[in-house]
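First chain written, first letter: the chains are A, B and C, and each begins at residue 1.
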Amino acid sequence: MFRLDELVARLGGEVSGDPAVLVRRVATLDQAEEGDLAFLANRKYLSRLQGSGASAIIVAPDARALLNGRSGIVTHDPYLYFARVVQLFNPPPPPRAGIHLLAAVASPLPPSVEVGAGASIEEDVEIGEDVVVGPGCHIGRGARIGRGTRLAARVTIQHGCVLGEDCIIHSGVVVGSDGFGFAREKDGRWVKIPQVGRVVIGNEVEIGANTTIDRGALDDTSIGDGCKLDNQIQIAHNVRIGENTAIAGCVGIAGSTVIGARCMIGGQAGIIGHLSICDDVVVSAGTLVSKSITRPGVYTASLPLQPHAEWVRNFAHLRHLDALVGRVRALENQ
Amino acid sequence: MFRLDELVARLGGEVSGDPAVLVRRVATLDQAEEGDLAFLANRKYLSRLQGSGASAIIVAPDARALLNGRSGIVTHDPYLYFARVVQLFNPPPPPRAGIHLLAAVASPLPPSVEVGAGASIEEDVEIGEDVVVGPGCHIGRGARIGRGTRLAARVTIQHGCVLGEDCIIHSGVVVGSDGFGFAREKDGRWVKIPQVGRVVIGNEVEIGANTTIDRGALDDTSIGDGCKLDNQIQIAHNVRIGENTAIAGCVGIAGSTVIGARCMIGGQAGIIGHLSICDDVVVSAGTLVSKSITRPGVYTASLPLQPHAEWVRNFAHLRHLDALVGRVRALENQ
Amino acid sequence: MFRLDELVARLGGEVSGDPAVLVRRVATLDQAEEGDLAFLANRKYLSRLQGSGASAIIVAPDARALLNGRSGIVTHDPYLYFARVVQLFNPPPPPRAGIHLLAAVASPLPPSVEVGAGASIEEDVEIGEDVVVGPGCHIGRGARIGRGTRLAARVTIQHGCVLGEDCIIHSGVVVGSDGFGFAREKDGRWVKIPQVGRVVIGNEVEIGANTTIDRGALDDTSIGDGCKLDNQIQIAHNVRIGENTAIAGCVGIAGSTVIGARCMIGGQAGIIGHLSICDDVVVSAGTLVSKSITRPGVYTASLPLQPHAEWVRNFAHLRHLDALVGRVRALENQ
């Protein structure tokens, strides 16, 4: 439970109204009750402010007047402030130091590390202080995991891979599976190219459930500091991603593509292999990136949704677009 | 082994031909042999009826004459009837009550529950009668799982999440991983918003292998009774799905989208965040839903397949469609 | 460490320059140092040859002159040769024969088999010599796994499924989960059709991390010898795939579709159910295959990437393409 003036002392901003108001939880404007701190980050939700049961509301300076006598905190970025308050109210539980009786650990670990039931850690693994290895995780020989990183249940880190500090890796993630590398015989049979690179992941990276990151063929696959990856993303061998890039769910990135810093890749986007995407690029959801991007900006390739019957009428023409252009040219030449 | 008249006594329908015919298995028309019961659900497969080795065939009333002296069962929905017969012939094995020696269980469980090797169940978990927790599953603190629900091997249910009764959860599913929620600092760094909502899943829900469902940010993510989710689906935080909606494989649904009851979402479809899809909507495979849908019906957005050379010729024009429309307008104005 | 003439004695090709040059690692032209063997498989990278620190370089006959006095190996397919050398330099570690104390094994196994911590193997499982069952794997009752096959950590093989010899199955793979089969009641509720087929996988198949392959409804799902599947692929029930077909990441293949031999399916492609794709078909990345393909060749359906503002201008017209065609026809009729 915090008073508004205590929050402001810790996180900045300015109290509007009664500094002694107590809040103990964060909630949306709609759901908030007595004791809750809500936030107004988007003027689209302005109409919900009036009826909200929140004890206090985080608002931007230009919305201060809308508080209309209610208590609140004024800050330039209410959403960022909200994030900080939720962190303050919900600190991660400290590691429960120790190795579960049903875990198999073949490397020496610092005493602060938590290893859950059913986890296995092979030889020559280096693990930092305060790391959590959840139940059923597997960490292969020679892997390194930095201080404070948390692996949820059932994460796989293959041999030799490196994770930085303060990462959060969700359940079902696989780091360091073999890249998809084969040479083809004349008769069509595939000859496996052993994948001998690693995956190297920076600090403060978060990786969502069931995301997969393949190890490099010869060199490494790398994910920069501060990257945030959502669920079910596939990152192929030798991809390199710059700092603080965020990637939404179900994105696939093919081999050897290089992505810059601070990019945002929308859900289900796909990026072809051997491309280069510069810093500060935004790719819209569902877009297939089929060539390199050299200038920051928003890029899109997706279809407008239609009722099925309209789609049938319109889209049949796509197969004859070249002919249509020819017909227009013929008309112009008349 | 059942006689046709025994099947009809249990499941309804009407025997055509010899009621004493014995069947012990269900098979497709093509594969059926002596002792098999086949079905004709689609007149497309009519030609396969004649040569089928089945001992009896399930048909609709309008196909009764096609039996042509063979034995069978006449019912209004042969496919539904077939489903009931397969269930009758293949009841799920009863739970093998008891906790495996290599499982780690920190909550009291009813004696009828089966817990497999390598599974871990944390504190304050409530599990109903006849639940099966497969090998290598993990159930986090405070989760609740209703009577008769079955978790296949290697399922993760994170802390506080709720599953109803008689659900079937396949291997690799992750329920309750953190939603993808971050606020952005001015310098591009991301600040994690702890995800404190839950996932709440109704009764008789089936969830396919490696599907992921994120916990809500503040409020809950919810999946209605009777929903059927295929493999590798990604459901983001705060999505709400109505009853009996079926979703095919590889679909991605972004945050806070609300989907109605009895919808059918085709494979690899994507649904943008913060949308609302009404009841009884069908989305075709591969379609990106980029705006809310307020009327039942079938919606589509996908491209016609072409040989690559034709595609190159036609699709280059898409980037200049606006110019083409302008050229047509100019011709019209002449 | 190998001399060039030793490599040529084992793998074929011809030494150019000093046959006594020693190499101990394979590297890209860019990264190669003293003691490394690099390769030039694509003339695009020709410029990197000159400055490479490699001790020797694998080249095609038409690039022999470019060695310009450096040592190397001349072969008709440098990439295939490179694959063979990497295999020679990086043989898979032999199984560490034996069953981990924390594994639960209910079937007799050959003494050469390795079973990792937390793995569980049910009754009536048949496992060949030199099989590796990684930590946390689960193998269901009655499954069969051929000689030399390796399961990485946390693989699930459900009951009754069959894997051939010398397969490599990566972490998080699920083989034999239930197919997505339901009949629909009039009120919209779904009735599960128990899935009683198996998955049958040939020899020398590789399956990437978190890929899922559903068991057949009545008949089997099957994957031919030599197929290579990348990560996060979804293969639905009763799909049949011919020999040596390669499928890139994130592909979804719907139920009962049959795919020929030696096909190559690009990343994030989708294939609708009940189709037939002939041998030697190439499907481009991101393409939705919505009808059967009866002739070998390359098939594509994807959109050109555009800056968002241009996309908005151009793609709005797609919803009115039929009207545009009508306008052109009207002009032509004038």
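We adopt the following convention: contacts are C-beta pairs under 8 Å (C-beta built on N, C-alpha and C of every residue); 3 or more make two chains touch, one makes a residue touch a chain.
Bear in mind that the values here come from a model prediction, so they are computed numbers and not experimental data.
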| item | value |
| --- | --- |
| Angle (degrees, nearest 5) of the CA superposition of chain B onto chain C | 120 |
| Same-residue or different-residue interface between chain A and chain C, half as cut-off | different |
| Inter-chain centre distance, chain A versus chain C - centres from mean C-alpha coordinates, in Å | 26 |
| Multi-chain contact residues (two or more partners), chain C | 102, 118, 136, 154, 172, 210, 232, 250, 268, 302-304, 306, 315, 318, 324, 328, 331 |
| Chain B residues touching chain A - in the complex, by the definition given at the top | 102-104, 118-120, 136, 138, 140, 154, 156, 158, 172, 174, 177-178, 180-185, 188-194, 196, 210, 212, 214, 218-219, 232, 234, 236, 250, 252, 254, 268, 270, 272, 282, 284, 287-291, 293, 297-304, 306, 310, 313-315, 317-318, 324, 327-328, 331 |
| Residue numbers on chain B that touch chain C, as the complex places them | 26-28, 31, 77, 79-80, 82-84, 86-87, 89-90, 92, 100-102, 116-118, 134-136, 152-154, 168, 170-172, 206, 208-210, 226, 228, 230-232, 243-244, 246, 248-250, 261-262, 267-268, 285-286, 302-308, 311-312, 315-316, 318-322, 324-325, 328, 331-332 |
